[in-house]
Amino acid sequence: ALPLAVLAGPCQLESLDHALMIAERMARICDDAGLGYVFKASFDKANRTSLSGRRGVGMEAGLEILAAVRARIGCPVVTDVHLPDQCAPAAEAVDMLQIPAFLCRQTDLLIAAGRTGRAVNVKKGQFLAPWDMPNVAAKIAATGNENILLCERGTSFGYNTLVTDMRALPQMAATGYPVVFDATHSVQQPGGLGGASGGQREFAPVLARAAVAVGVAAVFVETHENPDAAPSDGPNMIPLARMPELIADLAAFDRMAKERPIPRP
Amino acid sequence: ALPLAVLAGPCQLESLDHALMIAERMARICDDAGLGYVFKASFDKANRTSLSGRRGVGMEAGLEILAAVRARIGCPVVTDVHLPDQCAPAAEAVDMLQIPAFLCRQTDLLIAAGRTGRAVNVKKGQFLAPWDMPNVAAKIAATGNENILLCERGTSFGYNTLVTDMRALPQMAATGYPVVFDATHSVQQPGGLGGASGGQREFAPVLARAAVAVGVAAVFVETHENPDAAPSDGPNMIPLARMPELIADLAAFDRMAKERPIPRP
Amino acid sequence: ALPLAVLAGPCQLESLDHALMIAERMARICDDAGLGYVFKASFDKANRTSLSGRRGVGMEAGLEILAAVRARIGCPVVTDVHLPDQCAPAAEAVDMLQIPAFLCRQTDLLIAAGRTGRAVNVKKGQFLAPWDMPNVAAKIAATGNENILLCERGTSFGYNTLVTDMRALPQMAATGYPVVFDATHSVQQPGGLGGASGGQREFAPVLARAAVAVGVAAVFVETHENPDAAPSDGPNMIPLARMPELIADLAAFDRMAKERPIPRP
Amino acid sequence: ALPLAVLAGPCQLESLDHALMIAERMARICDDAGLGYVFKASFDKANRTSLSGRRGVGMEAGLEILAAVRARIGCPVVTDVHLPDQCAPAAEAVDMLQIPAFLCRQTDLLIAAGRTGRAVNVKKGQFLAPWDMPNVAAKIAATGNENILLCERGTSFGYNTLVTDMRALPQMAATGYPVVFDATHSVQQPGGLGGASGGQREFAPVLARAAVAVGVAAVFVETHENPDAAPSDGPNMIPLARMPELIADLAAFDRMAKERPIPRP
């Protein structure tokens, strides 16, 4: 199996300089750890908890930044799409399209993303079981695009709480598609701050290590040089300064996990 | 308080004749029971469990049918919208737009629906708490449209299962917006049939009676003359022939509930 | 079907005078509403959240008080048992033994309770499905005692939260045993106050009305003249002064529910 | 930190020969892997799903077997207790008493176990949050016995399903007490077979590896030479023949986890 890939970046695009700073830093951190790197950021936060949450720079400006990051840093880039119409333009700027969890059942969006030929990372809805994901992947695969990744990002568990069921990782891997573990959204507390989502940043390294030990193709981690000042998802993002230690930790567990298949009882 | 309104119809539009047959029948049943009636049907099932599930007649044909039902039967009509662009044309044909549960956090869709000036019925996401809904309603209200309804349709409870928390009804009513109880989706078993959702039709009258006794403005019930042959949601729809008894039952409990406020301890 | 029975009293016994005061008051309230009444109180709270929670008067003193209430007020009495050895002595003082939810799978306790010949009210564990209860009832019935009641008191839903699934009522009634709805423990927030359980007293009348509308044999309600000063379960108990209104409300819905079977779709 | 300890054995005692065979085998497997070993078996299954489930050899015969295993194999022994009276006699035969999950709030049982001075392993109830466990531990610690272990064994997640929240491991470790992960009960499907619990044996090594990677003091694994013929818990037990591979896997991840503290973000 390939070494772990890391999809990381700020939750939302702020400026070209900011994106380049984070991409450059993360690319070096992942390279040092022998891991692949994909820059991630959103041009639009289309489903903020409340209307007053900041939406982002918009599609046009955002795709320009993403294309520039790709060109200057030389790393692949992923961004999320929310409407079928966004897929084709986004696919010109980025290498991978991401389907948000709430939208993972929207057939037209999945098909539009599949038709671009780009890799498609689908987040499993908080309301779905792992065994519901083959139906989701099949909507994309019907376009002839088999470049699909399935991403675990937590499951509804009571109100304002997510839980990560590690059984989902091998269950989704049984589809044959690579599995991504989203370490920072898995520790979100949806709506937990009233007008915004809370989060438990301190558990992201715990869940990430557990998932990597079980075995995944990639981890997804949002990061920011100052999470508490970030326009979204601050409570669950990892400070950029803490990423070298986290990535090194995951690299170590990834090597051991990939040398050792899970024992079959 | 006004008597209960009933939002009812087939899950998806099949043909004009079929829609008229159901609307005419349901209008009479509700009228006999002293209740208001709104015809409901979808022109597109945009988030079927699997790609092989039937999608529907499409927006153009669907809106024509809905407009015809409204004109010929004289009842208000509600349909669901999935993309911001659909709101304006749909608003010309129908009286109420409905936001699907998975999409209840998509800001642009909520705003586009609000801007039409039509009533907007938002289904609470299976992944949300009742107290998360004021943020959802505020996105619509920000357009100046306060004609908002909040709809309970079940909450994720483990895998492939929904549970109805009756506390959500007074909690959502505390917003001041009318509350709708969706009796047939609340008994869905999402993904429960592998390539389609299962359902427990037998519990729809149980939950509907409980919700009406607690006190709601409206119930939402999908119905079909032959649910097992319906193109979607068959396992949870109520046979049309059983609707007179169900509606009469709910009318009786609605009258008592509206005479008696819930005792405050 | 018989009119609703009401199992009500303070969470734990405080003194004979206190028990008599509540029993007398509740007996009159239920009689005025045309409902049966059973006095309920515990002699020991064997599973308090924390060690500092008050345990109660103990078995010997408690059973004396319960026997005195039964003799002087003339109403049947129910109390909960925690160990097999407690069943026989408790059965001499009371008419009905209650099995706590956490203990509903303890075979020896169920058998010891069954062997007394007294009615046995088993609370469904927060960790059980409704369809798990026939196995529980069968342990009691194996003693030859079919005088069994099954009680819904909420199901684990995330952390520190319970949810009431109203489908459980007809599912448990399908056993043929009478079903009880525990309105005050169903709104408990287990461990929600750190060293004690919290509660949402305001929702007890909501859930009680919903359950009675669906149709139950009995409701269970803890009450106290001053809940905030009660030694346990204060946050979810109903003030005694509010009971006449609550009981009258439930009596009205019970009459209608028992005249109207749930419509079968 | 000490290397991982393994608490392992059959779900219930069958005979002295059987217990010795498993203890001898497991002691060697753990020794080969450099891990500590504690023999585990139950003398009574006091809370079987149904009355027809086999209960076990009983306390007297069971304690004799356990004492013999301890004497002949030279390994420490753990067994579970269900009633306060069982604690003192059990403490003479074994080194560690285990409190079943359903009983983890029963104050008298916790105190009786604490008073024996033996180590006490308390399973976290399926209905509890990790942060509820300090109250549980405090009941034991109040006896002056601080030799306490806290054990994660899954949390209720919908009906007939458990989920393991890996965040619970560091949350419980924050108490300062060693944390045990029960790998085989965590994959139980309570009541999932109607008259018995089902299980997903194939996920026990997945969850065990994840927990060990996060960092625990011990794992608990039930094993049997022929699980499908075992008198209880067959569906989730690990075949004895597969234990060397599983234990070696866990030893490898344990070494790496104990060299590397979880990165703090």
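Think of it as A, B, C and D in the order they're written, each chain with its own count starting at 1.
Basically, contacts are C-beta pairs under 8 Å (C-beta built on N, C-alpha and C of every residue); 3 or more make two chains touch, one makes a residue touch a chain.
Nothing here was measured: the structure is a model prediction, and the numbers come from that model.
Participant: Enumerate, in label order, the chains that touch chain A and chain D alike.
Facilitator: Of all the chains present, those in contact with both chain A and chain D are B, C.
Participant: Over half shared or under half: which fits the residue numbers at the contact of copies chain C and chain D, same or different?
Facilitator: Homomeric contact, same residues on both sides for the most part.
Participant: For the identical-sequence pair chain B and chain C, what's the CA-based rotation angle in degrees, nearest 5?
Facilitator: 180
Participant: Among all other chains, pick the one whose mean CA position is farthest from the mean CA position of chain A.
Facilitator: C
Participant: What is the distance in Å between the mean C-alpha positions of chain B and chain C?
Facilitator: 36
Participant: For chain A versus chain B, what separation do you get between their C-alpha means, in angstrom?
Facilitator: So the centre of chain A lies 33 Å away from the centre of chain B.
Participant: Rounded to the nearest whole Å, what is the centre-to-centre distance of chain B and chain D, using the mean of the C-alpha atoms as each centre?
Facilitator: 48
Participant: Which residue numbers or ranges of chain C touch two or more of the other chains?
Facilitator: Touching at least two other chains: 155, 157, 159.
Participant: Would you tell me which residues of chain A are touching chain C in their complex?
Facilitator: 157-159, 161
Participant: Give every residue of chain B touching chain C within the complex, in rising order.
Facilitator: 155, 157, 163-167, 169-170, 187, 200-207, 209-214, 238-239, 242, 245-246, 249, 252-253, 256, 260, 262-265
Participant: Which bits of chain B are touching chain A when the two form their complex?
Facilitator: Its residues touching chain A are 46-51, 55, 82-84, 102-103, 105-108, 125-129, 131-132, 135, 138-139, 142, 155-156, 159-160, 190-191, 195.
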